[in-house]
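Each structure below appears as structure tokens.
After this come two complexes, each holding subunit A, first together with subunit B and then together with subunit C.
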Partner chain A sequence: MKVNNIFITLPLLSFFLLVLCASGLTAADDAAEITAMLRKLGENVSAFKSLKTDFIQEKDLAIFQSKIVMKGRIYLQKPGRIAWHVDEPVRYSVVITDKSIRQWDEDTDRVQEIALSGNPVFQNVLNQLTVWFSGDYISLLKDYDVRVLKKSPLVFEFTPKANNAAGKIIKNITIGLREDERYLKQIRILEVSGDSTTIIFNDTIFDAPIEGPDFEVKRRV
Partner chain B sequence: MKRLLIILILFVCLTSCAGIPFQKTSNVPMESADPWTLVEEFRDRSPENFMLINSIVFDYSGNKLSALGYIKVDAKEKTFTVVCINPMGVKLFELAGDKDRIDSHFAMEQFTKKGNFTATVGEDIRRVYFDLTPSASAEVKKKKYKVIFDEPLGAGVVEYIFAGAGGHLVEKNYYEDNRLNWRVSYYEYRQKDGKIYPSGIILDNYKYGYGLTIKLKEIKG
Partner chain C sequence: MFDKYSGRFYDYTARNKRPVQVILILLIIISLAALYFVEYESSMDNILPQNEVLDRSMEFFRNSNIAGKVVVSLELTSPEKDVSDLLRETDLLAGSLDRNLFPEVTVGISESAVAKDIDAMFKNLPEMVSGNELSQIDAWIDQKHVSQKLHDAYLQLLKPQGMLLGSMLRSDPLGMRMLVLEKLKALSSSTGYDVEIRDGHFVSRDGRHAMLIAKSAVAITDSAGSKKLLASLKDRLATLPGYIRADIICGHAHTVSNEKLIKRDIVFISFIAAVAMLLLYGVVIRDFSAVTIFMIPVVAIVFSIDLSYLLLGKLSYWVIGLGSTVAGIATDYGTHVYFAAQGKSDPSPFVKHVIKPVSFGALTTIAIFLAFFFSGIKGYNQLAVVTIISIVVSTFISIFVLPHLMLKPDGKTSFADRIAGKLERGNISNGLAVLFWIFITLALSYFAFHVEFERDIKNIDGTEKEIINAEERFHKTWGGEKTPAVLVVNSKDYEDALEMNERIYRDAVQAVGAENFTSMASLWQAEKTRKENAGRWNEFWSEERKQRLRGLLLQEGKKYNFSKNAFEPFFESLKANNDPPSTPLTPPGLPLNKGRSETSPGDTGGFSEKSGNSLFERFVQKTDNGYRVVSFFPDTKEYAGSMNEISGRYPGSYIVSAAVLSNTLSEVVSKDLRLMTLISAISVIVMTYLCFFNFRETLIALVPPLTSIVWLFGLMALLGLSINAANMIAGVLVIGLNSDYGIFMTFRSRKEMNTGTVMAITICTVTTLIGAGVLIFAKHPALSSVGVTMVIGLGAGFFSSVMVVPKLCELFVKGKAI
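After this line comes the complex of A and B, so read on.
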């Protein structure tokens, strides 16, 4: 089933807007050290061909002073294949390749697909997701101020510059590295509204065999 | 001919029930039930203040959008706050309201571009969570498996149907000019701390041609 309307683009775009908002950061003038750290980090983090990781996503809603917890798995295979499976509290999957985006959820039980060809927005989305999950952080140095919050383990904070439209939505983004600095431990996006999203990565495995069904959205039906 | 008719009826019944993801309310004889005792018991067992996490499927013209809804309701004061996020955790809208007004704290542009989105969502929430029992002046009709209360509402008539093993509210129907305008159906009541909550709710808006399917995921208290 191929559709290209609000029902598929809205949920995806809304997520990716956050990712795109984080699509560039500029180190401060005195932050040559930070640039060097990001470069080194990128070399460490990008040293894999495939990755699978569990995640816990905590959505803190300021208005309720409470949180929604989502759990799932992410599979990444270079070049350009990402699968995002949510297991709780609803089952949902999205698979993004360099050719298409497919998604499925248990409530609608429908697979929806859109082609990436001729769709520069989603091609950009794929590129940005790849950057964040693959560790090419240097390429992100455009529109954000960066500072190191902690050196061991490394924690970086990215704050939108005044001329960055992302600042209307995002107050800052914090990424924390694992002890071995090989991969992310967590990403936290703090919004201007006071809401925040924290994604914690657990049991991350590099270069483990990833099976074809891991990139199928309906494999769990 | 008679056999053909039976097959046809069975087919219609099966196909009409196929889209409901909840257990149909069982047929329990209601002839001996006292209508106002049913209402009183239902009112006593219904929560006044509660917070719920639901999964929601919005169905419009065959297109489906699924989301997670986080709602806080004070049924006595008739106030609510609702936040809807997509399965990847991104906020779609946030509203608060009471019986007279609705305030939009946030809504994605894609939603607000079409019609009066805020008012529509707010009205649906009121239909689903407010005014779940008839007033004392309602007209009562007893059927074999259900008790029906009718009373005027605005330009039309609202109908409350109580049925099933618990004798709970299973339907609210609103008619204008003898035409069904909208219907809310309640399924599979569950208990927590002495209060009852429907595990499934379906709202059909026949006037505007859309539907909402709400599955209860968690009762927060």
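After this line comes the complex of A and C, so read on.
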């Protein structure tokens, strides 16, 4: 009886250890695979110098009575220039560079420029935004845990690590890629408070000729 | 009497020359061995005057550890590369530095730490809002303002920069946190440097430069250590990719560069001087025993270092360096004795004849250095001891040992004798020379009063162009050329320091304006004030006021699609603030965990405490005796004056300003110099009179030192040169030498005996001029200024000694010729 027990216990223990090792290997394999995927994505997005895309943004925030849906266009020029033009529900334009934000809105009809150096809160938010729009996510691995939610088309989920200050605000960020994996199709930011913002990109054109006025907020006046 | 006893002693040493020589050799061996036990120090304190302002400033710089930092500015040189490449390489470089040499390396401020500090500040808002600001908030609670605020909030939430700000707007609909952020902005923009934080790194505004700051384990004064440190850093920088250029900014680079330049200059000077000396002695004097003249100061300085160490304790390196230079003056005494004795079958009467002028020449030089005892600069007191001992020893050896070491004449007249004879017989001093001297001296005496003291030490800094260029590039990129002045508050108790800082801040704002005075008191006050603020805040948010605001937010919020409970988090936070804090509030910054006794260790009140990551680290420092809180203001005479007046009202506070420091240094040194000059002048006059006991001869003997002072200062003013720490000592040396020449030549004019005085003076001047003349071409500005001083001073002294003094003696002194 005693012998039998040993014969049963040992294979079970061996199997258990094997499963443990295999799961460890799987986790390591996953991490390596994700890193390879993100690196490939980084290579893909580095292939274009500029981008023009339409977008729809849905804001589901507790501060608002109802969900807000915005429509507009985004122009992106490397390195570090983003123009954001919205037509609904309020017409406004924002041009972001590494130094300042230049903005105009229909309600006030004023052009305003804010230096980022004096505004750490905006600077932080825009730094985050620039990274998410860049598509180059390898550098985020030190601050976020990454999970693949779907392989075709690729969908990643980024969750702030415990020591990442962004974790106080952001619960997770889901990035969905286009079929050709050249850029984002959708980005969803879920906040700790339950607020969420979803941006869906449509009609994305790479290296389209971007003209000076596309980065002017006044052109819309 | 002097002649009688000195003559007897000379005879005694002549009779016992072997035992005297043996004793001297033994003493030399003992002294050389004793050198091993002498301790030295390299502290800068010894070369600074004893002055409260200077002491405080030096203490501040020592403890603030500013000087020990090494900064590397990394620049992207390829347009193909971007800031992420730069930051990656910066991190790799930081990680690769030798931690034994660079114990702490910082490449930026953690954004999460800043976010944590901002978050902590928002939580402590009730304590940070003053009574005046509450009145301002009260004015905001009206329909128009609330409507505007909500419109702005609505637009902001729709824009990309408002993407994550929903929660923040819910807890602050009036934008009260902006009151804190504005102050924070003022604090962070006061560094004088143009720095952005990107991905936790220091990045320049153009995004093409990154900065690495390393704390160094090597003192700036440690030359060998600095070399090792720079070599290690350069070794690491060499591994950077080709698209990154690095500039090193640190005091160590100046130390190494200055030493390199001085060494290069000394090798060059030594080579030229050695060749010239060999030619002079090989061609003109042609006597191997003359070499002993140059050994006398070497032996004297060895004795002097040992004896000075016994008397004073640790000796400063620079005192030893300068003392050794000054000791070189002793070759004059040896040379004078040598030419008196040379070629004589019985040198005794000739040597005895020069004992008096040589001794009094030495005594006048000693008299000059006696004045150094009255200086407020500790190093000058040490220098006086070292120099006086070496001159006494040199004079003794020159008179009582050297003549017995000289080779006996072979009966033939030597080449040197023939030149000496010609020089003695030649009548080069005439009325025309005297008239020329009067004219030049009168003309230069006008300019002599306009010579200035060098206030900027950079002008005698011999740092290489490459380093200066790197610093210029650094300032062009990062700013920081104009260092602000600092107001320092010291206290044993942290809260006391904060309270005083707060009171000073209030006074400073009235005196110079808030925009010109950056103090953490604008953001973080003493606990007492913070408690008062918190109490006022709680009283302010009465139920009635809260209801009024709630109603306005609801009414105006509907227009912008805000929900009914959109701003409930704000009202919840007001409820929370009404409860007293469970733990006492703790001060921010570096010393948090060592602060007040009631604060539990490690409790940082929500602020980041890691060194280099706190917003307040720049403003609060832990010292050995307590705490130091610093504030900054523009370093101008006007502001420094106002702030000095304010700090005078608060014991324990003082200002540190480069402008004030420079002025104080200049004033104190000038005062010291005036006192020393007066004492030296009186001592030299007394000593010279004691030599001659004749008023006219005394005046004539003083002509060379006076001429050298007037010509030197006059020509320096005309050439746009100024007096600095290095050429000041050279000037003293020149006056000492010229006093000797004045005494020698006046004594010679008595025509009692031919002792080859003109030849001795000429040889001395030529040898000194060779060394000094080469110095003019030195690359190091300090050495070059010494060269100019020596050449002008000695030239003036030699001219007046040889070409003016004899004629003046002929005109005004009745000869005592044999």
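Structural remarks
Quick note on the criterion: the second predicted complex is superposed on the first by the 165 of 221 C-alpha atoms of A that agree within 3 Å, B and C clash if a C-alpha of one lies under 4 Å from a C-alpha of the other, contacts with A are read in each partner's own complex, and residues count from 1 in each chain.
By definition in this document, a residue touches a chain if its C-beta (ideal position, glycine included) is under 8 Å from a C-beta of that chain, and two chains touch if they have at least 3 such contacts.
Keep in mind it's a predicted model, so treat the numbers as computed, not measured.
When the two structures are aligned on the shared chain, A:Gly80 is found in touch with subunit C, with no touch to subunit B.
When the two structures are aligned on the shared chain, A:Val90 is found in touch with subunit B and with subunit C. When the two complexes are superposed, the chain touching more residues of subunit A, out of subunit B and subunit C, is C. Contacts of A:Lys168 after superposition on the shared chain: subunit C is touched, whereas subunit B is not.
Within the superposed three-chain model, A:Leu61 lies in touch with subunit B and with subunit C [touch as defined at top]. After overlaying the two complexes on the shared chain, residue contacts for A:Met70 are found with subunit B and with subunit C alike.
In the superposition on chain A, A:Thr197 makes contact with both subunit B and subunit C.
Of the two partner chains, subunit B is the only one touched by A:Arg110; subunit C is not. Residues 59, 61, 63-64, 66, 68, 70, 84, 86, 89-90, 92, 94, 105, 107-108, 193, 195, 197 of subunit A lie in contact with subunit B in one complex and with subunit C in the other. Against subunit B, in their complex, subunit A makes its touches with residues 3, 5-7, 10-12, 14-15, 17-18, 57, 59, 61, 63-64, 66, 68, 70, 84, 86, 89-90, 92, 94, 105, 107-108, 110, 193, 195, 197.
Residues 82-84, 111-112, 114-116, 118-119, 151, 155, 157-170, 181, 184-185, 189, 196-199, 205, 207, 561-566 of subunit C are the ones touching subunit A in the complex.
Residues of subunit B touching subunit A in their complex: 21, 51, 53, 55, 57, 63-68, 70, 72, 81, 83, 85-92, 94, 96, 105-106, 108, 110, 213, 215, 217-218, 220.
Interface residues of subunit A facing subunit C in the complex, by the touch rule stated above, are 59, 61-66, 68, 70, 79-80, 82, 84, 86, 89-90, 92, 94, 96, 98-99, 101, 103, 105, 107-108, 116-129, 136, 139, 163-166, 168-170, 189, 191, 193, 195, 197.
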